[in-house]
Structure formats: C-alpha cells, structure tokens
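Working notes for the structure below.
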Amino acid sequence: MRTTRFSRLLPFVVGAVVVVVLALLPMLNLSLPGILPGPTYTPGSLALMSLCMVFAALALSYNLLLGTAGMLSFGHALYFGAGAYGLGIVLEAAELPLVPGVFAALLGGIVIAVVTGAVAMRVNGIPFAMVTLAFAQAGSVLVRRNQAITGGEEGLGLNTDGVPDWLVGVVNTRNLYWISLAVVVLVYLIVLWVDRSRLGHLAAAARENDLRVRVLGLHPARAKLMVFVIAGLCASLAGIAYLLLQSGTQPSAVGADLTITVLVMVVLGGVGFRWGAIVGGVLYTILDQRLTVLARADGIQQLPDVLRVPLSEPLFILGVLFILVVMFLPGGIAGTVDAWMRRRRGTRDSGMQEGGALDALEQQIDRQAVAP
Amino acid sequence: MTAPILQVRNLRAFIAGQQVVEDVTFDVPATGITAVLGRNGAGKTSTLRGILGLISRKGEVLLDGERIDGLSTHRIVQRGVGYVPEDRDVFAGLTVAENLALAERQREPRRDFVAQLFPDLVARRDQRAGTLSGGQQQMVSVARALLNDNRLLLVDEPTKGLAPKIVTEVSDALAEAARIVPMLLVEQNLDVVRRLADQAIVIADGRVALVGRASEILDDADLTRRLLGVSAEEHV
Amino acid sequence: MSTLILTLIIGLGLGALYFLVASGLSLIYGLMHVLNFAHGAFLTLSAFVGWAVAQAVGVTGWGGFLLSILVGAVVGAIFAALTELLLIRPLYERHIEQVLVTVGLSFAAVALFEGIWGTDPITIAGPPWLSRTTEVLGASIPNKYWVLIIAAGLVLAGLVLFLKKTRYGMIIRAGVENRAMVTALGIDVRRSFTLVFAIGGAAAGIGGVLAMHALTYVSAHMGSTLLIFAFIVTVVGGLGSLTGAAIASVLVAVMQQVANTYLGGTGDFIVVILLAVVLLVRPAGLMGKRA
C-alpha cells in the first residue's frame, strides 16, 4: 500500500496542532459545562485538566507494558508512587532544589523498576501478575508504616522550599498545567518511539509468540525488561507531576488499587492503542472528579435510590463499563472505533492483526541482513 | 460394505495458532482396527485430538453420518467416542476405582468385560493411580474407554514406553476389544500394527500420504522407510 | 511464654480466616485457572447482609450469630454462582479476560457497597462471649479466635468429605489435575465450574461474617484487604490444592503474627516477601503440581 508523504505526516501535524491548542487553553475562555467546573482559564478547570493529563501519561505507560509487551502487571502504581514519594522525600529530607530532586526521583524509579522487573520476570503470566501485586503491596505497606519518612497514612506534603515560586500556589496553576502537558507529551513521545523501534517490535512479537522470537536468535526477555523499565520510568515521571500538582501525595498512590484503576483506564480506552490510553485516562479522571458533583444535580437526586446510588458512584459506573467492554468490546473505545474505521475503509493493514508484530519483526531483520 | 463409522473431510487443526494438521481426509471402517502411521511430528496425535475437538479445528467430521466437528469434546464423547490418550492421562490422585467410575456414562457399564480383560486392575482398585506402573496405567486408560458402549475408539500410542511383555498384554486387550468396537489406532510399534491392524492410513507433513491394507504397506520396505522413517524390521 | 502462646493461637485463628477465604480461591484457580478478584466482594456482601440479619434477630444472641453465618454462606454462594454464570462462563477459555472481568466486578461492587453503606466502617456487636477471653497457659485468648478455628475446621472437613465422597467432588479433583481429560471422558466440566464458584463463595461468606466479628466492624473495603492475604496463601500453598491452602494459611498467619509481635510490626511486609520468595523458588507453591 503506497502511502503518500502527506498521509504519513498527517498524524504528526494533527498531533502538533492538538498540543498547541491544549497549550493555549489556559489563556482562552472556553467552557465545557458539566465537564469542567469553569472556563478553561480558571484554576479549578486547569487543575482538573492537569490531573487528566497526569493520568493519561500513567495510562500511556501502562499501555506500553500491557498493550505492546503483553505483560499484565498489578504493581505498576509502585513506580508512580516511587516518583511522587521519591521527589517528595528528596525535597523534604535532602533539601535539594527541584531539578536535581526530579532526577533523583527518576533514578530511584528506574532502580526500583529494574530490580522488581528482573525478579518478577522469572515467572510469566498469572504468577508474574501476582509477584508484581506483591511488590506493590510491599511498597504500600512500607509507605504506610514509615511515618517519619513518608508521612504514613496521612500522606506526604510537598516541601515547597526547593520548588521555584512559579510552581507553587493556586495562582500558578497554569504553570503546573503546562508542566503536566509537557509530561504527557514527553511520555507519549517515549512510548511512540518504543513502539516504532526494534525494541518495541521485539517485545510485541514476544507477546504474540515467545518461542518463535527465541528461535530467531533474539532475546525477548531482555527486550521485555527494557520495556518494563521504560514503562516504570514514564510512570515515575507522571508521579512527579502528580506530586507537584497535588502539592502532596498519599499512600493510595502506591498500592494495587491504583494499578487496577489504571488497568481499568487502559482497557476501557483500548489496549494497544496509544490514544485509547489517553482517552481512558481522561475519561476516568473526569468521571471520578466530576460525577459526584453532577450527582448532586436535581435530576439525579429525584431518582429512586436503586438508580441514584449506583449513578452517584463514579467507580461503579466505570466498573460496569469495564465489565461490558471486556465481555463485548474487547478492543475498548479505541479498538471499536479502529475496527469500525477499518471496515469503512475496507483495508486491512498490519499492526494489531494476528502475527502482525512477528511479521514486522522478521521483515525488519531481513532488511537489515540484506542492506548492512 | 457397511458405511464407515467415521468420515474425516479436509480436517485442519491448530495449536496456539500454529497449524499442525494441514488437510486430512480419510474414512474409518465400521469394524476392525485402522492404524494411523507416520513419522514423529507428522500430525497423527493432532489428528485424533482434532477429531475430538481437544484442539482447534476446521473441516468436516462425521460419526456414523452425523456431523460432530462443531461439537464440544464432551458432547462428541457422549455420542460414543472413547479416547485412550498418548501418555495415558490417568488421574494420579484418584484411585483405580475412581478413575474407572469417572468414565462410566451409562447405567449398566461393562464392568464385567473390563474386569475380565484386566484382572490386575480389580485387585488394585483402591490403589492411587499415580503409584501404578506405566503398563498398569495403560490398562486403566484402555479400560476407561471400554466401560461404555462406544461406537468408535480413538487410541493413541498405547504401547509407548512399555516393556515387551506389557506390550503383548496391551495388544491382546486391544485385539479382544476390537471384536466389539472399531478403533482408530495411532501406533509407532510396527509389530503391534502388523498384528492388530486391518487398514492403515499413513500421514506425512500433516496430510494423508497413503491408505491401504496394513500388511501390504508394512511389507513394502522402501515405502516404510520413506514414509515412516524406520525399517519394518526394527522394533520401536 | 504467654506472649508466644497468644501470638501462636491468634496466628492460628487468623490462619483459619485466611483459609476460609483462600479455600474457594484455590479450588477455583485449580479447576478453572481463573484468578477470582471478586472473591473479596463475595465476602464483603455476605458480611453486610449477615450483619443486617443479626440486627433483625438480635445481635447479642447466639441465634442471631449462627443465622448470620448461615445467611452469609448462602449469600456468598449465590453471588458467586451468578458471577460464574453471567460473567465467567461466556468468556470460556479466555483466562485473561476472565481475570479482568472479576477485577471489574470487584471494582464496581466495592463502589456500590460504598454507595449503599457508606465509606466509614460500621461497628458491629455480637454475643458477649466473643469479646471475652479464655485463659490458656497464662495467655488470655480472645474467644472470637476459637470460633474462627472451629469454623475453619468444619469447613475444611466438609470440603474434604465433599471432594472424596461425591461424584462432583471426584470430577473436581480430576479436573484440577487434567481438565481436558475430564471432558474427554464425556463430562461437562462447566457445571462443576459453577459448583466450585458457589462453594468458594459460601466459604468466603462464612469467612466474611466471622471476619466482621474478629475486626468488630464491617466496611466496603474489608474484602480487598483480606483478599490480598488469601491470594498469598493460595499461591504459597499451591494453586488448586486444598491441603496446601490449609497449611499455607496457618504458616502465613503465624509468620505474620510472630513478625508483628517480635519484629516490630513488620508482619505484612514479611508475608509479601514470603510470597515473592515462594514464587521465585518454587512457583508451584508448597503442594501445587509442577507446571
């Protein structure tokens, strides 16, 4: 299928336009009643949108793990928490300024990801998921017990001494908004790069058929570990943004509950689709933050209890949607849209097709052998 | 000539996405033992498992004229297909009696027939199947298939890994059983095949290479070496 | 010495609770290869309904107590059976999707419980004897632990009898070993799936009501916390092995209590490390079949 330069550049152009529009939002007076608490320049709306982007970044990182590498982890929140708590602790205890603190937190996140990943990958499938669950639980327990360092159950506040003034305070929410935007764009680019690279193809091929990849003389385990660590790094990045945005963090940022929430985001959005992960992250955040407000609306209040109670619980709605998606729409939102669009176009291109990743990898290897 | 008990038409089978049976077509006569021969990896076991629906399959399979290729395994077996798997697959944690009781499908299972064929099992009824020898486990596996009024038995390498004396006992039992039920028998031991089988189907690379009388195929040394990878005089 | 006795017996009691929850998980995974994340929700709902029943009949009386346990078992069984029929069965053989659907159910159920009963734990009361203690070798053991131990013992005995003496029990034992061969004998294993879910749900329901009395409160999240321990016990004991789950329950709970008492409250942490170690050294668990 011959693609013109235009059609290949189109996604990038669209992406760039979207990013520019998003960057301009804090200066515009757009309103999305019901969804946003106020016009787009208000701190409330900016905080909400920033949170959406932080979770979109987290969802993207998880999609890299689950969608590309096919690794079901129940402990991904550990790295998110490592970023958040890492930066918080470093700022508080070591009194480092922000930028070195960020690097320290990221480094910590990488180290934890390498260690836990290497240990967990000694098993596969469900046992792998259980080990990751155990690690996340251990992290959660560690955080809750060590009151002195982590603030225990109450959570850790952001020590603003090391943080530049322009990131502190409600007035500067738009700066935090731009930081969150930068984080989600950065994570997206990282994830995109991995997906397109030989590393990503290798991990995806291993997801489909581990044995065949090894028969090709490659080492899927190494690739999967690398993807695991990169995903963890992106999660830590999101965690750092989270700490700055919320001016603090709490133990729920570490445990299995948050990972399951991210799993819900990614599955709803569509496993294996980057934009699906973003949609899932945004959808979850908006529902979670806004539904309780919406539920106070008269219309809902007047419903009989049987309807009102479930509809006032955002997580219930998400859970039910999740179940429906798993049972009837396994592609999630993105997958369903993608399948619909492909049916309309009548084309069948590789990518999510059975054997697609494996074939792509073999082609890549052949090309490299022929043209040194 | 009576109609064949089993008709397989363009059977294709898959394990984890890989095609293991390319395209297999054959008939199994309503009496006697039909052997399935071929090299290791030719697709013999996968053919049996495909017929039973234990692995994913496409194509037509007719049992006594009725299509069974769309049914799930337990329904196929309930229609009267007995299965003696490669590697025996007895339930190690259950006793001999329990292994047999599990297999009973009808109100009056053929307990006497089985007891007669395998007196050793009667003596060991309360022994855990995991502690039996290979030969005894094979007896349990065959006995399971004989307890019910099956219309066809699918038997997969029943003498694999057994000592010569036990091989004789097992083939005796199979010969006895063949008097009341037709069998499709995958077997690498060509002596056993020569003794038991009337017809033979040779599978190579997932396809049927040859169908004919078992004795004629085995007598042709060239053919045997080419398609089965072993000389007919060798004991497997 | 009395501290040690106390620690050990509380460990035994806690182990009894873990076993009640883990027994179902273990059988379900062993037979169906489904990791049932919704098991905690079965437990929680049974506790809430059991509490409502006890309140209706009279919380301080033994009648109310026993009835709440019975109702808890029934509620757990029904909830579990419905889950299997409506959510798991349609996803036959798609194990990852089955796990995901139980995750979604647990997610939705906990949110619903919070909506109905609120987010704060509700203090409960029971027969006064439960809050008293009994002296054993110098240690004062809270009586609720005896109830847990007796209940777990009865459930274990009941399950073992069921597995050994009934045809369905035989099918389940065989199915845990080799599900494909059971179908190759002409048996429809799917009916056993529903049965195993129902049994697991009943045991979890009993566990839920008793956990409520042990904790002296009931809350929407109590299932999730217990579930993590039940998972650990199931994996350590060997997925699919009832005896393994029994041994592992005691082992894990006693280790946890000992670490809490003598190693400065690190019980939870030690248990998680135990899980990681077992998974890496012997992934099949103590009594599990080697993969």
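Each chain carries a letter (A, B and C) given by its place in the written order, and its residues are counted from 1.
Keep this in mind: a contact is a pair of C-beta atoms (placed from the backbone, for glycine too) under 8 Å apart; a residue touches a chain by one contact, two chains touch by 3 or more.
Since we're looking at a predicted model, the values are computed, not measured.
In this structure, the chain pairs A-C and B-C differ in their number of contacting C-beta pairs, and the larger number is found at A-C.
Chain C has its Cα centroid nearest to the centroid of all protein Cα atoms in the structure.
Chain A and chain B have Cα centroids separated by 52 Å. As a whole-number value, the distance joining the C-alpha centres of chain A and chain C reads 33 Å.
Each chain gets one centre point, the mean of its Cα atoms, and the points for chain B and chain C are 43 Å apart.
Touching chain B in their complex are the following residues of chain C: 167, 170-171, 173-174, 177-178, 180-189. By the touch criterion stated above, chain A contacts chain C in their complex at residues 72, 119, 122-123, 126-127, 129-131, 133-135, 137-138, 141-142, 145, 256-257, 260-261, 263-264, 267, 309-310, 312-316, 318-320, 322-323, 326-327, 330. Touching chain A in their complex are the following residues of chain C: 33, 35, 87, 90-91, 95-97, 99-101, 103-112, 114-116, 224, 228, 231-232, 235, 265-266, 268-269, 272-273, 275-276, 279-280, 283.
Residues 52, 54, 72-74, 77-78, 83, 85, 89, 91-94, 98, 101-103, 105, 144, 148 of chain B touch chain C in their complex.
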